[in-house]
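Look for chain A in each of the two complexes below; its partner is chain B in the first and chain C in the second.
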Partner chain A sequence: MERRHFDTLVIGSGGGGLRAALQLAQGEANVAVVSKVFPTRSHTVAAQGGMNAALANVVPDNWHWHMYDTVKGSDYLGDQDAIEYMCRAASHLVVELEHAGVPFSRLPNGKIYQRPFGGQSQDFGGDQAARTCAAADRTGHAILHTLYQQNIHAKTHFFDEYFAIDLIRDEEDFILGAVVLNIATGEPLLIEAKTTLLATGGVGQLFRTNTNARINTGDGMAMALRAGIPVQDMEFFQFHPTGIAGKGMLITEGVRGEGGYLVNKDGERFMERYAPHAKDLASRDVVSRAIAIEIREGRGCGPDADHVLLKLEHLGPEVIKKRLPGILDMARTFANVDPIKEPIPVFPTAHYTMGGIPTNRFGQVVMPLEHSAEEAIPGLYAVGECACVSVHGANRLGGNSLLDIVVFGRAAGNHIIEFLKENRYHRPMKDEWVERALSRLARWEQSGEGESVDVLRDELQRTMEHYCGVFRTEEVLAEGVEKVKALAKRLDAVRLRDQSKVFNTARIEALELENLVSLGLATVKSALARQESRGAHSRMDYPDRDDERWMKHSLYFEDGRVEYKPVRTKPMSVDTFPPKPRVY
Partner chain B sequence: MNEKSRIYWQCRRGMLELDELLQGFLDHTYDGLDTHEQASFEKLLRCHDNLLLEYLMGRTVPEDSDTAHVVKKIRESAHVHT
Partner chain C sequence: MRFLIYRYDPDADKTPRMQAYELDGFEDGAMLLDALFRIKAQDETLSFRRSCGEGVCGSDAMNINGRNGLACITPLDSLKEPVEIRPVPGMPVIRDLIVDMEPFYHQYRAVKPWLTVHDPEPEAEFLQSPEQRDQLDGLYECILCGCCSTACPSFWWNPDKFRGPAALLQAWRFLADSRDQATGERLAELEGPYRLFRCHSIMNCVDVCPKGLNPTKAIGHIKQLMLKHLV
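So, the complex of A and B:
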């Protein structure tokens, strides 16, 4: 097998991976970036809303208020040292991106324009703040392309369309790189690296209805699990209430803001029952749960009674065309309905993975070892949606994840540079460690009759949606655990019909399915274990947040164990924000 | 087979909207295209994601007539198969 050597291997070329790679390449490190799709096709490109920073260009603002909002938004599960670090760094990073060429929208006075987003306040819970910087509706695209160009310039080495299979871990727990697969040739490649950074994004594909690109299969998280590293807080998955039913694409809150409302099969405006005041504008989790309950109780619409309807015809064609043009295209294209004449079928859609690979604010992957609950795995880093640092805690605020990826991408880059100074040589590699990773590939060479990848993935996504979606109880989740376990067993019986090597995308999808199944189990088991409602995890049978018992992070291990570790409530320099009820 | 797989992988993009439209087109319509149209489709796949979205959602019409033709076909295919 071919081998290559680098100082750092970055797996994933979204905003997180590219920001880290840039820091390293500019710091004279020899960096490889591996991505399963062409780098600028990473999911970061989909982020339209923008990125938060307390620049105070529109209304008064400062990083400490941003920090307060983020801690509160996280429902007090976020780590306050990491949150302080992120909010303090934000303004600098926006300015840096601007200098690098990201065309942020401007105010008439020439300063960067900032829009108000949900969850933003002035003065620790006071008036609405305006904290989100955007490059029109293509912020993610602009950031990704700018970082890519800068990396090309800095001579980062790209392995485009290479699929990472598994990490290599030695007996002293050092990570020595990874085995990756060249998708075009089907040949494996061993990339030996003194440091490895996972930046593989989220796992939206766990759920049937989701907003994520199909590449978001959580590969890095599953690789960490197989290397003996736990995944943290996987029970926290953010759902958006109005995705196009059966498809997942987001219909923005703006539609309800303009006067659109939800109805069930009886034509009842059911949100009046769940939130008499805010009605359809109640917070995302409340609306999502209301939709799920309507459907569970048999008041869903359509032949399978599996969605509700979002009505906006009453707004009239002028208002719809003028204020919601994007929704017109979306509904016509993906739901085959014309919202001027008929309602849009909607269902809660999985949007963001708050959980992930546990890290500290330097991007180092940490886990309980001999001495503490947070010991660094030497040579291994993680940033972005695949990581859990944890700045989002139980619930992410809009505009905070683009910030997360650039802040911690840079921080990890800086820490790696220091690590490399003290770890100047590649550590010895043993064939048996490499064999372990290769055996994952060999497994897919078994031929014969068997189950299909597509069928199993579809069942997994439906199971996760039904048993671990927005409607969670002991009974439902316990059944979900059994169902996902049964699917995991059936995985052994899956066979590939195509055994060729060149561009065997079926094999890639099989590897992705393995990752999805192990993360499905992690998610449903962590959700069953947590007997409270906090942020995005809401249990009908434990409707309240229980700080006494549950203000702690969960850690799920590959063998099925769930352990816990404390939240880092002590910020770097300011006072702790103690838990308060999260009311808006 | 693997030529189509190669194109299939080029249809994996950073946005769900594109995955849905491009992969749906590949599954349902691509095989019935003539070679010239197939080449236009491949050329279209080289556009960056944001431009592709503009085209496929009908917000911008490509200047090049071959590209415009294949975009129209993708949009039609989406309507038939939704």
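So, the complex of A and C:
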């Protein structure tokens, strides 16, 4: 098998992976980026509304207010040291991106355009802030392309269309790189690296209707699980209030930021009842639940009363074309409505994985080992949606995910550079570790009659949607656990009919399905275990937040165990924001 | 609905062939990509690229009834039967609808598509007026799907020498950016008979761009700017 050697192996080429790679390449590290798709196809490209930073270009703002909003938005499950770090870094990093070429929209004075987004306030819960820096409604595209361009300039090594199979972990728990698969040739490749960074994104494909790309199958999280590392807070999955009804394509919160609002079948602005102050710009979990309740109580729109309407025609064609051109296209193409004249039918849609691989604010992967609950695994880092720092806690604020990937991508890059100074040589590699990773591939060489990947994935997505959706109960979740376990068993009987070596996408989908099933189990088991309602996790049998028992992070291990660790409530320099009732 | 799809697996086939599929019962508003998913559920050997499914990642460019487009935003009810699907033309086929895009990416990288500033950077953002920023609309939105360049006869003949519409659109995206300070270098890079001047304004690129962008117009702007720099 071919071997390559790098200082750092970055797995995933979305904004997190590329921001880290750029920091490393500019820091003279030899860095390889492995991605199962060409980098600009990564899902960061689909982020629309923008990136939060307290630039105060439109209304007064500061990072401390941003921090308060993020802690409150997280329903007090976010780690306050990491949140402080992120919010303080935000303004500098937006400027850095702008200098790198991101075509942000502009204000008349030439500064970066900022729009209001959900959960934002001035002065710790006061008036609405305007904190989200935007390039029209294509901010993710603008950032991802810019980061890719700068990486070409910095001479990052790209392994495009390589699929990561498994991490290599030695006896002293160091991570030594990964076995990856060249999709075009079907040949495995061993990439030995002194440091490995996982930046593989979320696992939105767990749910049937989702806003995510087909590639969002949680590959890095599942690799971590197989390497003996837990995943944290998986019960918290964000449902975005405004996916196109029945289809799932994302309609940015920026629509409401620009002045759009939701109505039920009576034409009522129902958010006024649920969030009298913030209304349509309450946190996403609050708005999604409100929509679900409206529909459940019979106030949904359409012949089946199965969605609500997002009105924006009052904004006028100028604003819509200038600020929301992508939405205009999307609604016309997929919802068959012209938002200049008529509202868009929307429904809460699976969107974002708050949980993920536990890390500290330097991007180091941490887990309970001999000495503490948060011991770093040497040589392993994770950033972005696949990681759980945790800055989003139980509910992420809109505009904080593009920020998260850039802040922690960069921070991880910096920490890796320090680590490399102390760890200058590749550690010895044993064949048996490599064999273990390769066995994952060998399993799919069995041919003959069996179940199909497609059928199983479809059943998994329906199961997760039904048993682990917006509202949850003990009974339904317990049934969900059994269902997903049964699917995991059936996975053994799946066979590939396509045994070609050349660009075998069926094989990739089979490997992705293995990842999805293990994360489905992690999600539904963690959800069953948490007996309270917090952020995106709504238990009808435990409707209240229970800080005494449950203000703690869950850690799910591959053997099915769920353990807990405390929330880091102490910020870096300011006072703690203690938990209080969360009203918008 | 009837489909005829280009099939070729170098592991199994001596020559490419067209394979027929027939499927019914599509929902209103179904896209070609939905049909491809259903075909793949029956016949998992059919290979094609896809990701976002909403026209922003640029993975699923293919030749649909003789015209390049993205499968995910091509409505089935807009297509004549049998729907003939082939890989985008002019590129080496790896398998089925998957082509080797490297010649296309090579030309993209060759225009140095990154913002270049020689002066020291300010502590805050560069100032750019809304009017200056408007100059980038219709340029920065490119998703690198390759529909344009692989529909361009000049690119088919000289994929190694002619930059092609997508790369030239990006060249203009940086020339048009008020923040960029590499105008001279960028123009010098495009001199000669091939890199820029192989464009003969056939305008296939404009016709097929799934994002409604206009590379021919961008190429015209580059030529004008070159002329201005000469005199």
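In the analysis below, the second predicted complex is superposed on the first by the 482 of 584 C-alpha atoms of A that agree within 3 Å, B and C clash if a C-alpha of one lies under 4 Å from a C-alpha of the other, contacts with A are read in each partner's own complex, and residues count from 1 in each chain.
Note that a contact is a pair of C-beta atoms (placed from the backbone, for glycine too) under 8 Å apart; a residue touches a chain by one contact, two chains touch by 3 or more.
All values reported here derive from a predicted model rather than from experimental measurement.
> Is A:D498 touching the first partner chain B, the second partner chain C, both, or neither of them?
It touches chain B and chain C both.
> Hey, is it chain B or chain C that touches more of chain A?
On the superposition, C touches more of the residues of chain A.
> Which partner does A:N210 contact after superposing on A: first (chain B), second (chain C), both, neither?
After superposing on A, A:N210 lies in contact with chain B but is clear of chain C.
> Based on the superposed arrangement, let me know which partner A:M330 touches: chain B (first), chain C (second), both, or neither?
Both: A:M330 reaches chain B and chain C.
> Just chain B (first), just chain C (second), both, or neither: which does A:L380 touch?
neither
> Just checking: does A:Q149 make contact with chain B only, chain C only, both, or neither of them? Give me first, second, both or neither.
In the superposition, A:Q149 touches chain C alone.
> Contact-wise, after the overlay, does A:H43 reach chain B, chain C, both or neither (first, second, both, neither)?
In the superposition, A:H43 touches chain B and chain C alike.
> Counting only touches as set out at the top, which of chain B and chain C does A:R106 meet: first, second, both, neither?
second
> Between chain B and chain C, which residues of chain A are contacted by each of them?
Of chain A, residues 37, 40-43, 45-46, 138, 141, 145, 184, 213-215, 249, 326, 329-330, 333-334, 336, 498, 500, 502-506 contact chain B in one complex and chain C in the other.
> Hey, which residues of chain C end up touching chain A in the complex?
9-12, 29, 40-41, 44-45, 47-59, 73, 94-96, 98, 101, 105, 109, 112-115, 117, 121, 123-130, 132-133, 136, 140-141, 143-144, 174, 177, 179
> Flag every residue of chain A that touches chain C in the complex, lowest number first.
Residues 37-38, 40-43, 45-46, 94-95, 98-101, 103-112, 135, 138, 141-142, 145-146, 149-150, 152-153, 184, 213-215, 249-250, 326, 329-330, 333-334, 336, 452-455, 496-498, 500-506, 509.
> In their complex, what parts of chain B are in touch with chain A?
Touch list, chain B to chain A: 1-3, 5-6, 8-9, 12-21, 23, 48-50, 56-59, 75, 78-79, 82.
> In the complex formed with chain B, which residues of chain A make contact?
Listed in rising order, the residues of chain A that touch chain B are 36-37, 40-46, 138, 141, 144-145, 161, 183-184, 210-215, 247-249, 326, 329-330, 333-336, 498, 500, 502-506, 508.
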